[in-house]
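Down below is the structure, laid out as structure tokens.
Every chain is named by a letter (A, B, C, D and E) in the order it is written, and numbering of its residues begins at 1.
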């Protein structure tokens, strides 16, 4: 990357400087050390927290998706003497629509925001479009779905309306209606929490200054080392700089977990797991299941 | 800022001092370093936690606002054979009043408290008045609303009374009434948690002393550096001081997330998102939606 | 305080010592630094956590008090054709008794425990007695209330009994009874959590040793500085000692948030806010509201 | 303790060594410092978290015990026209059995586990046997209770069966039955969380190595100090070692909060508070209350 | 291990180097120290958090398993005048199936994932196969169970279907059905949270770099020490390296708590505890209980 050039630039500079008699005492870097430790520790801890929270949220998605399917299939029941065909259809529609919701939310979250566009291309990338949700929605529903400002929220509204319909027909009691509505609220929460992480990057003041101060620190390093070490200062300051730059870079990469990067929360793999689990719960034949996710070049997206 | 003057002041002082033979050993700053690290780490971590908690609370506002709208539109139902016009009206009134609640809470939180008034003007500022809530309330309701000690709480009380009314008319069962009431409690929580962050600044002892100790540290810095470095002490101690002052300043700016500053939780943008989402759920025509929020000079308020 | 005497004592001692040839190398303090950082960081972080948790708990008190009032006024309803006078009275009694509960808990928490008595007097103090709860309780109820081992818990028991009475009269359905009971459990939680913080100080081993080690450290400081700095050691070691003593003191003061100190959680101000909000919800005339809390000498208790 | 001997051993060794010309540079300890800070910070923070979590869990026990008593006395009601004697008896039996549960759990948690037996005797000890639960259980129930593998869980099962019985008799509606069952689940949680802390000590790798590395560090200390300080190295390295050993010891003592040690969570005091509160709620006469807990030699168990 | 060879390699290298005049100043390691502290602190804290979270999740499993058994045995009741034989059978089947679920989840979690296979063999290992669940399931059920993609989830779906069946027969009211369904959702959560920890290792960037940087640091150590210490550098740099390598290794071992390692969450012991407790609640005779778990060589798996 660009930083290796920088480091070698510093080292070359350092050689010339060698003639200009440079002796900055070591405690200058020590004094900076404290501030750097706070900045880098802060950045890495909070970046990891965001990444882990994103993973937790999608873990909840897995749990509640399974629960939703169980609830839809066991709590919505026919009335005495009624044919259960239409109930079955409703159940299947609601589970399928939920699979569509999962895919829609994934696509919604992986949209590129302007301030997150990275100039570099990722090793492995994936296309995410709302077309993934098409097999799970009726054609008219799909048409409306893609035209909405917030497509996943639209699907939750539809689920709520289907529940109200089932209640009107007598397939749900008051109380079972509410239980299913509560599970929908959990999906509201999952969507909202994901959007929060997506739309609220770490405060720019922290990420910007941490990069600046690492640069300052790494610029001072060879100036300090050259006095005692001469030519040996080159490899050692490169190594030490590398450690700090790595710390800064790692935080940067982990920070935004919904940007289609290698380090992303594996939304695609999780979506497939959910789809497989739910169809197993619907007692569909195994042959129609999507293929297992096979990581490409060791990367799980 | 004022701190650059201070630093140059120190440097100038340092030059004069140069003649008075100054050699304070470096371990004096090292000894202070530990204490400073604790103070600054503390301040920055807790300031960030406050900022992030504020963002989380308003994320909940987004989630529950969507859930509230779904619940109001699907759980309040007409009795057999009754005209559903008046139910529709009630549903719309309750959703609109909720939009008013969101705006009212935003204004309530951004009121300037005396001990938070900053002497400097922000780059971008926004007016926040209760007038933003007017289009969503009836005229009589609005009149009462502005005269209250705690306007957002007044709106929640009204919502509760409307629910009781719907229950009396038979549009809500006992159980669905309680579910909607529980969502109102969630809004109580959101309001209360926001007020807590607004009204309880970080303990003054921490913010005050952290500023004092950074000042002490930065005053000692050039005194130490001058012995070994001579004139070179000027740029280096400015750079090092800058790092510490920046750490202190960043904490200060992030600390209070409801003060109409650039680093604020983006209440205005979130209010608009909520308004758009809710009206989409009410199936209103897209033409009446508020305009998308366009960040001014890269700032989202 | 007493610590300034100590510091000057050390400095005076240091002068005499000056003649006895003192040269302890600086790494002795550096070696202690690690341990001190752990101790002081630990003490300050956990003291702050306690203070902030106390504030959170009383934030919940605000939220649930508002919710309780809304629930009492909207969920307890008359039967068809019944006069609503007695229901109104019950509602008012239950809300007033809640205000009494808030005041009682405040007084209960601010009682001085023997092991927390400080020898120094606070700048601003406030009397806290159960008399503050008198206007909100009937005379017989008040008499019993003050004789109890745990007065706030007694009030919650009374609320529960009033709910059972309302249920017996048919003003509450089974389900609405439980919802109100659940809100009472929230108040049980708030009381219990406050008592936990009140009755469980930070483990003595941490607070005691942190003070001892700061003392050791500050005693060693001038001994180290005197070798290189001579007379200059006096101001510098006073300054450095001051920073560490301040860190220790701040933790000490923040640690116990229910002791009627300046840094306390502002229970009095919060009680007044709750009283005003609840009476506004009861639609009482503004003239009877308690006066706004006016901070005395910038202190909010 | 044994560590003072060790320190003096090191010091004595140091004297002999004095003749063998020892000069290890100070940065060797500085290099170890980082690792030690991580270990000791880790140990102390997590030990404290365990201790505080244990206190929180038993705080919940206090809250829910009060709520349980209120619920048992207000939610279990007689049918129209029925004598309320047998209901009263059931209520009293269930509250008493709960007091037995609290005592049983305390005893269950304070059983000595083989890997926690300490060779030293505590200053103040207390006997904990299931006999404390006898006055609150019927004789037959008590006999079965002591023979069980998990006595507290047995009591919760009995409570559940009594609730089912009350439901069968019509004293509880479906809905109130469930509310009481939910409170029992809270007690399941409290028991399970306490058992988790009891049965899962901090990973041995952390506690063992932290002790080893403190020993290594303290062994190196006098070797480093002796070069510059001569005989003066003895007191100073003793003091510094003491600080580190204290840090390690404190963590060790706080770590397991259910072992009948001085630093334990005060289960006995809390059990007495619960007993007093519940009997007050049952309106028993004050004369039968257990005596207030009087701390012995300043220790609350 | 391999690291001891490395260290001695470094030391041997060091001896040769001794002739090549090596004097790297000590502040090079100090500069690296900050970065290392962040990396190692990060790794160890988060590894421990994962381990402790896993333990917490399985603690919940214990709590809810007990609650599930109580609920199944007390909330599913016969209708007036009906024989309770078939209800008893259903209750027993549902509790046994739950034991099967616990065992199935344990086996599911301990499957070896390709990227977690360690080359070394553990001291004590245990076979985990689905056969452990056989005694608790009917033969046909067992056959289907092993053929599923996600066997534990299949069992939860069956539990849900049995509940719906009991509801249809009138053994459960609407409301009690939902309470039991809610407990099933808790098991969904437990399974999903365990899978999250199993399938999401710490980000590779952190674990990989922390190992690399420890290696760099330990390589520099003897180079620095040799200048001042000569031959004495060998033992001292081995000791210091050992401390850092140990810190790194401990994090590595604690990180993945479901891999059949010695440091694992003790799933086997917990499964046995659950089995014993549940059968005690079913009032089975003690003779059929599984044998108490006896730790092998001090290891609890």
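Here is the rule we go by: a contact is a pair of C-beta atoms (placed from the backbone, for glycine too) under 8 Å apart; a residue touches a chain by one contact, two chains touch by 3 or more.
Here's who's who by UniProt: A, B, C, D, E = Putative membrane protein.
Keep in mind it's a predicted model, so treat the numbers as computed, not measured.
Visitor: Which touching groups survive when chain A (Putative membrane protein) is ignored?
Guide: Minus chain A (Putative membrane protein), contact groups: still one piece.
Visitor: Let me have the rounded angstrom distance from the C-alpha centre of chain C (Putative membrane protein) over to the C-alpha centre of chain D (Putative membrane protein), please.
Guide: 24
Visitor: Just the number, please: Cα centre separation of chain A (Putative membrane protein) and chain C (Putative membrane protein) in whole Å.
Guide: 39
Visitor: Could you list which residues of chain E (Putative membrane protein) touch at least two other chains?
Guide: Residues 30, 33, 37, 41, 175 of chain E (Putative membrane protein) each touch two or more of the other chains.
Visitor: Viewed as a graph of touching chains, is the assembly arranged as a line, ring, star, complete set, or other?
Guide: Chain contacts: single closed ring, each chain with exactly two partners.
Visitor: What order do the chains sit in around the ring if I start at chain C (Putative membrane protein) and move toward chain D (Putative membrane protein)?
Guide: C, D, E, A, B
Visitor: Contact residues on chain A (Putative membrane protein) for chain E (Putative membrane protein) in the complex?
Guide: Against chain E (Putative membrane protein), the touching part of chain A (Putative membrane protein) is residues 26, 29-30, 33, 36-37, 40-41, 44-45, 48, 51, 55-56, 59-60, 62-64, 66-67, 70-71, 73-75, 77, 173, 175-176, 179, 221, 224-225, 228-229, 232, 236, 239-240, 243-244, 246-247, 250, 253-254, 263, 266, 276-277, 280-281, 286, 289.
Visitor: Which chain A (Putative membrane protein) residues qualify as touching chain B (Putative membrane protein) in the complex?
Guide: Of all residues in chain A (Putative membrane protein), those touching chain B (Putative membrane protein) are 23-25, 27-28, 30-35, 37-39, 41-42, 46, 148-150, 153-154, 156-157, 160-161, 163-164, 167-168, 174-175, 177-178, 181-182, 184-185, 188-189, 191-193, 195-196, 200, 203, 205-206, 209, 213, 216, 220.
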